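Here chain A shows up in two complexes: once beside chain B, once beside chain C.
Moving on, here comes the complex of A and B:
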């Protein structure tokens, strides 16, 4: 059902309250004072004596009542640096003033003296490995011995900035009963809750985290709000007043996490007919200064590194290392867009080497029912890879377009070259392996005495449509109108921990828990003699609440030690065909046409699914062609929307979306994840199209005009 | 003191003449529908109409709008009484996270009122100063098209 977005009317009228829209009595506006060097020992902090410090409250590491650590996977990152700094923009202290401009002024009158230390800025030269993994399947050497050709290449992908339009922000205060309340822009209220406990030791019920309306996240508000919440809370407790800490755009871009850059090497053995016989893949990711989520990003990266293809002999090695840049973190796709870019472009390289068609090469090796992945997982159901390929080829009229582009390119006086490219990807839905078992997510459905049906889950609405689809799933299961369902605000004092809003797990995992809860409510009501169609009168006075907890499906087996087994319950699949035009004079790339077909299991709400696919596709277009994070001495040098360019309406063509539905038995009504998949597929397809247009085989992102120009100089392409 | 007309109502501002119109609207007049995204005129989240023209309120000192007509998203409709443009956004998926939405709506409103054509390319040009990171723009363009066709 194309049901309308539940919270849409509030957003469309400016009534929805984002964190900066809240007003608080006696509030202090907070500003963070940050390191200006990539690595150094802190000698002294000076507060300019000529500045009037009246009314300014300052909190440093010494004010932290508990541990000075931002708890995530490891405890390596301090809330506020005390002795040394490991990256530019590392927070040192937080200060606040009732007047926001005065707070900014004060922050400019703090000076820090350092003993500088030599920073490590090149991940290849880092000696600190945060995490490494290895996946092994079959016998690699025997595989290469069988090969008719061995194809090698190295690929590079850069940082990418999440660039949500609402910057990060959190407010904090202490209630008279001693409850520390934190309200703000975030994806994961329970992550914030968990991170605050060791910093502010108290009864867990006395920390309350509430999500405000959140203006986009894309992973950028998965872990970083833990730090902002800690800073705001620290200052609020010290000042005994509410504190509001909202970043400006420049600070948000320079200080917060980005997508991990990566270098990926492929060495592939193939038979003459295109059959893959050996894949040896090496992944290096740059984690930045602290561990944050790097091990998990790397894990997802290597689990997708072989692409959606079956190969009997595979070795995938990956490591993520420390450098003295701000920590990298979660960004839509979470490691997979990086490794899939390499995997898909490498298919083009293999096809070129063998002199065969890249579509035929893909078709020969693509996952099908019964295929075995690199981790040895047998794909038993819901494998729509081939369907997405067929549908995208058909709807784009791929062959006809490709021939037309070749004809266009033969006309010398044409001002551009045209080319058509495609890519096919897969994406694991939900947490990897045992992740969901550790999370033990809970979500429920409740009937109130007044006759309301309420969804209780900590899953956040950040634009993707959580509120609407969770309500739809419950409405469908209970067979009542969508309008009857109310979704509770994610507030740790009100809702159970349904896990983080990440990894495309909300619809499939949390939606699944809600479907089960609703089924039980239905059974209870039926047992009570309630008849359908339900009326609100029949619900009145039924005080009933069901909460379901995640249970591991019996058939899923995963070994965390050897990285073998069922990495994900199910995978989504996508194919994208892009036609590009490259200007012969400026080397600017324009996208003429995009068709994408994506297997999402089942589209609970096609309008929202299309919205996810369209939005992810355009982020992928940005990753491919525009988004260029420039680092200088360990800091982002272009941390503004003026010079970090994301796509506008004029950089994006109309996109044709084809939804493929290969249902997954464990998903609610067959649904798999949809959020991350669309981000994986545009970049390799667009770079393949540039190859088709120019004959240049680019191996790095973004494909800026200057990169294309350089490639023309370096590689003596075909004459035109 | 600066006098201006905001959403049809006469308002007075006493304060620094160079305070950003964006802050005056949000802080002094409590019209928080207008959002700040970048503070430098790139993202369009703070778009308001000044004498009917879409302008980034983060770049305008309040003294420049003395005696002029300012319109914000609050003038369009309410959750219970959405304007036809807002209804079109709701039906066609034009809003996702919602932070760019007020600015996007205000720009689209100016397009509609100035007699903008039933033409997706023209709509894309009109909206090119408003960044959205969620939608990929297509459903926004479709929303505006829907509203144009119903005009």
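Moving on, here comes the complex of A and C:
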């Protein structure tokens, strides 16, 4: 069903309220004072005596009633630095003033003296390992011994900025009954709730976190709101007034999390016919100054590092290390776009080395039903890898197009080179391994006495369509019109904890809980003698409420210690064919055409699925060709959209989306996740297409014209 | 911040003289960014938006006189500009996005003197003259003398840009405008090139005018290359030699947006392909 967005009209007409649209009485506008050095001991904080500090309220680490820690995986990151700073832009204090401009002015009159320490900015030189993993399958040495050829390469992927349309922002205040309320732009209200508790010790019911309309997240609002919420709440408690803390774009880009950069090495043993016999992969990620979610990002990264291919002998090693740069964090794809870029481009390298067609190479090794992954997981169902490949080849007329490009390239006076490239990826849907079991997510459906049908979940609408898709699942299960369903605002005082809105899990996991809840409601109504088609009148006075909790699927086994077993319940698959054109004078790359086929299990709302795929493809194009975080002194130097270039509509090629449906028995109506999958596939396909066009094998992102120019001149000059 | 709004040109000139160091505000597309960043606190702003006579584009003898407050949108849609000065029309169509084009003005663009100003190479090859006015005098200045550094011009205190004169010229054998910004819209240039070439009947070069922007602190005409080529036939060998002289005229920089190496290489390619 291509039903319309529940929240669409409100957003279109400007009725939806984002955090900066809320007005509060006696509010203080807060500004964060941040470190200017990548590493140092704090000697002293000076408040300029010539400045008029009347009306300014300042909160420092000394004002924190509980622990000075941002609780996530570890407790290493302080809410406000007290003795030592570990990265530029690390928060030191928060100040507020009733006038926003005055608050900014005041922040410029705070000076911090440091004893500078030597920073570590290069992850290769870091001696602090946050986390390391190793995956082993078969006998690596025996595999290499069988190989006819060994293909090695090193790949690099950069930071990437989430570039959500609305910057981070939170408001906080204390109610007269002592409830600390936090309202703002976020993906995971219950993460914020959990993080605030140790900082502001009180009865858990006295902390209430509410999501405001949120203008995009892409992972950038998964864990970062924990920090900004703590800052706003701290100042609100000190000032005894509401506080609003909204970042401007420059601050948001410089201070908040980005995609982890990575260096990935592949050494692959392969038979002459293209059969993979050994994969040895080494992944290094730069975590930044604090752990945040780095271990989990690395985990997903290594679990996708082999690509969607079966190989009997595999070793994947990964580590994420500390550097004195702002912490990296969650970003759509969560480690997988990094390692899949390397895995897929390496398939091109292998094909080139063996002198065989890269499509044939993929086809030979691609996952199929019954394949065993690097962790030893046997794929029992819902494996659409080959279908996506076949469909994308067919719909793009890949072979014909590739020949046409070669013909074009033979004409010397043509102003460009053309090329066609492709990539195939997989993406584990939902949390890794036992993640969902630990989460014990809960979500439910409720009938109000007035006959309304309400969805209760903490899953947030961040532009991806949560509200619509959850309503649709319940409507379909109850067999009632979609318009009848209302979705409750994610508010920790109102809704059960359905887990974070991350990892492409909302539709598959939370949707699954809601489908079960709705089924039970339906049974109860039927037992009450209610008949279908349902009427609103029949629901009135029923006052039913069902909340379901996630249960471990019986057949799923995962060993956290050895990294063996079922890493994910199911995987999505995607193939993308890109045709590019490289300008002979400027080396600029234009994408002429994209065709992508993606296996999402079942498209509950094809319109939303298409939206996710289109958006992810464009974000992937930015990752491939444009987005370049320039670092100076350990922080982002180009923290404006004028200099950090993301694709515009004019940079968006025609994109044709083919939806492949290989249903997953445990997803609602067969659905698997789709949120992240589209982000994984464009970059390797585009870089493969540049290879096809120019003969240049680029191994690092972004493939800027500057890099292409350099690559040209690093090798024998080609005729133009 | 204090804002004054003169109703006439005379008033504007008077106020500019009276408020020493005041900022003349035209389209404000760059000024608003610095204002938002708190960099304009305490300044006096002279809002020129009521000077409708400075918005006009009209013929004046053998030149087209473009009022300094003419917007990029006006310029790119103006019939005479499109026919006689197409490189300027093309440049205006690549500045920012539509919103910027309808606010931003040619005079503001010049006064702002950004190293990445997209209109400057076309203005340079069209030999534009900037007409300046102050309470003391009125004078003209060749566009190539206007830019003296990053966001610095040769304008004296109290001077306002009244108009820009574009002299008519014989239609060229070839013309080029090329903006290299990597992104297809709302991009800031890495390199921007404008060229006009007049060939004699025997195939020799009568005149070449070629200018590059965004390469260094100011946009520049390639004077060495231009004079080297005068009277020569653009054979591959001659063009290669001309291209090798390019470095004498421009000294490209590394910055957040690109590298000196790339800028130089792309400029060479653009010049070579324009000449061959």
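In this section, the second predicted complex is superposed on the first by the 716 of 720 C-alpha atoms of A that agree within 3 Å, B and C clash if a C-alpha of one lies under 4 Å from a C-alpha of the other, contacts with A are read in each partner's own complex, and residues count from 1 in each chain.
In this text, a contact is a pair of C-beta atoms (placed from the backbone, for glycine too) under 8 Å apart; a residue touches a chain by one contact, two chains touch by 3 or more.
Computed from a prediction, not measured in an experiment: that's the story for all the values here.
**Q** Counting only touches as set out at the top, which of chain B and chain C does A:14 meet: first, second, both, neither?
**A** first
**Q** Should A:562 be classified as contacting the first partner (chain B), the second (chain C), both, or neither?
**A** neither
**Q** Please indicate which partner A:637 is in contact with in the superposed arrangement: first for chain B, second for chain C, both, or neither.
**A** In the superposition, A:637 touches chain C alone.
**Q** Looking at A:545, would you say it contacts chain B, chain C, both, or neither? Reply first, second, both or neither.
**A** neither
**Q** Output check: A:705 vs chain B and chain C. Expected answer is one of first, second, both, neither. What do you get?
**A** In the superposition, A:705 touches chain C alone.
**Q** Tell me which partner A:588 touches in the superposition: chain B (first), chain C (second), both or neither.
**A** It touches chain C, and chain B stays clear.
**Q** For A:648 in the superposed arrangement: first (chain B), second (chain C), both or neither?
**A** Both partners.
**Q** Touching A:617 in the superposition: chain B (first), chain C (second), both, neither?
**A** It touches chain B, and chain C stays clear.
**Q** Decide which partner touches more residues of chain A, taking chain B and chain C as the two options.
**A** B
**Q** Per the contact definition in the header, classify A:104: touching chain B only (first), chain C only (second), both, or neither.
**A** It touches chain C, and chain B stays clear.
**Q** Common interface residues of chain A with chain B and chain C?
**A** Common interface on chain A, chain B vs chain C: 642, 648-650.
**Q** Applying the document's contact rule, which stretches of chain A touch chain B when the two form their complex?
**A** Checking each residue of chain A against chain B gives 4-5, 7-18, 20-21, 23, 162-167, 213-218, 248-249, 462-465, 607-608, 610-611, 614-619, 640-642, 646, 648-650, 652, 654-655.
**Q** Tell me, which parts of chain A touch chain C in their complex?
**A** 101, 104-105, 250, 584-588, 590, 626, 630, 637-638, 642-643, 645, 647-651, 704-706, 709-710, 713
**Q** For chain C, which residues count as touching chain A in their complex?
**A** 37-38, 178, 180, 182-188, 256-259, 261-262, 265-266, 269-270, 273
**Q** So in the complex, the part of chain B that touches chain A is made up of which residues?
**A** For this pair, the touching residues of chain B are 26, 30-40, 42-43, 45, 72-74, 76-80, 82, 86, 89-93, 95-102, 105, 120, 123-125, 127-141.
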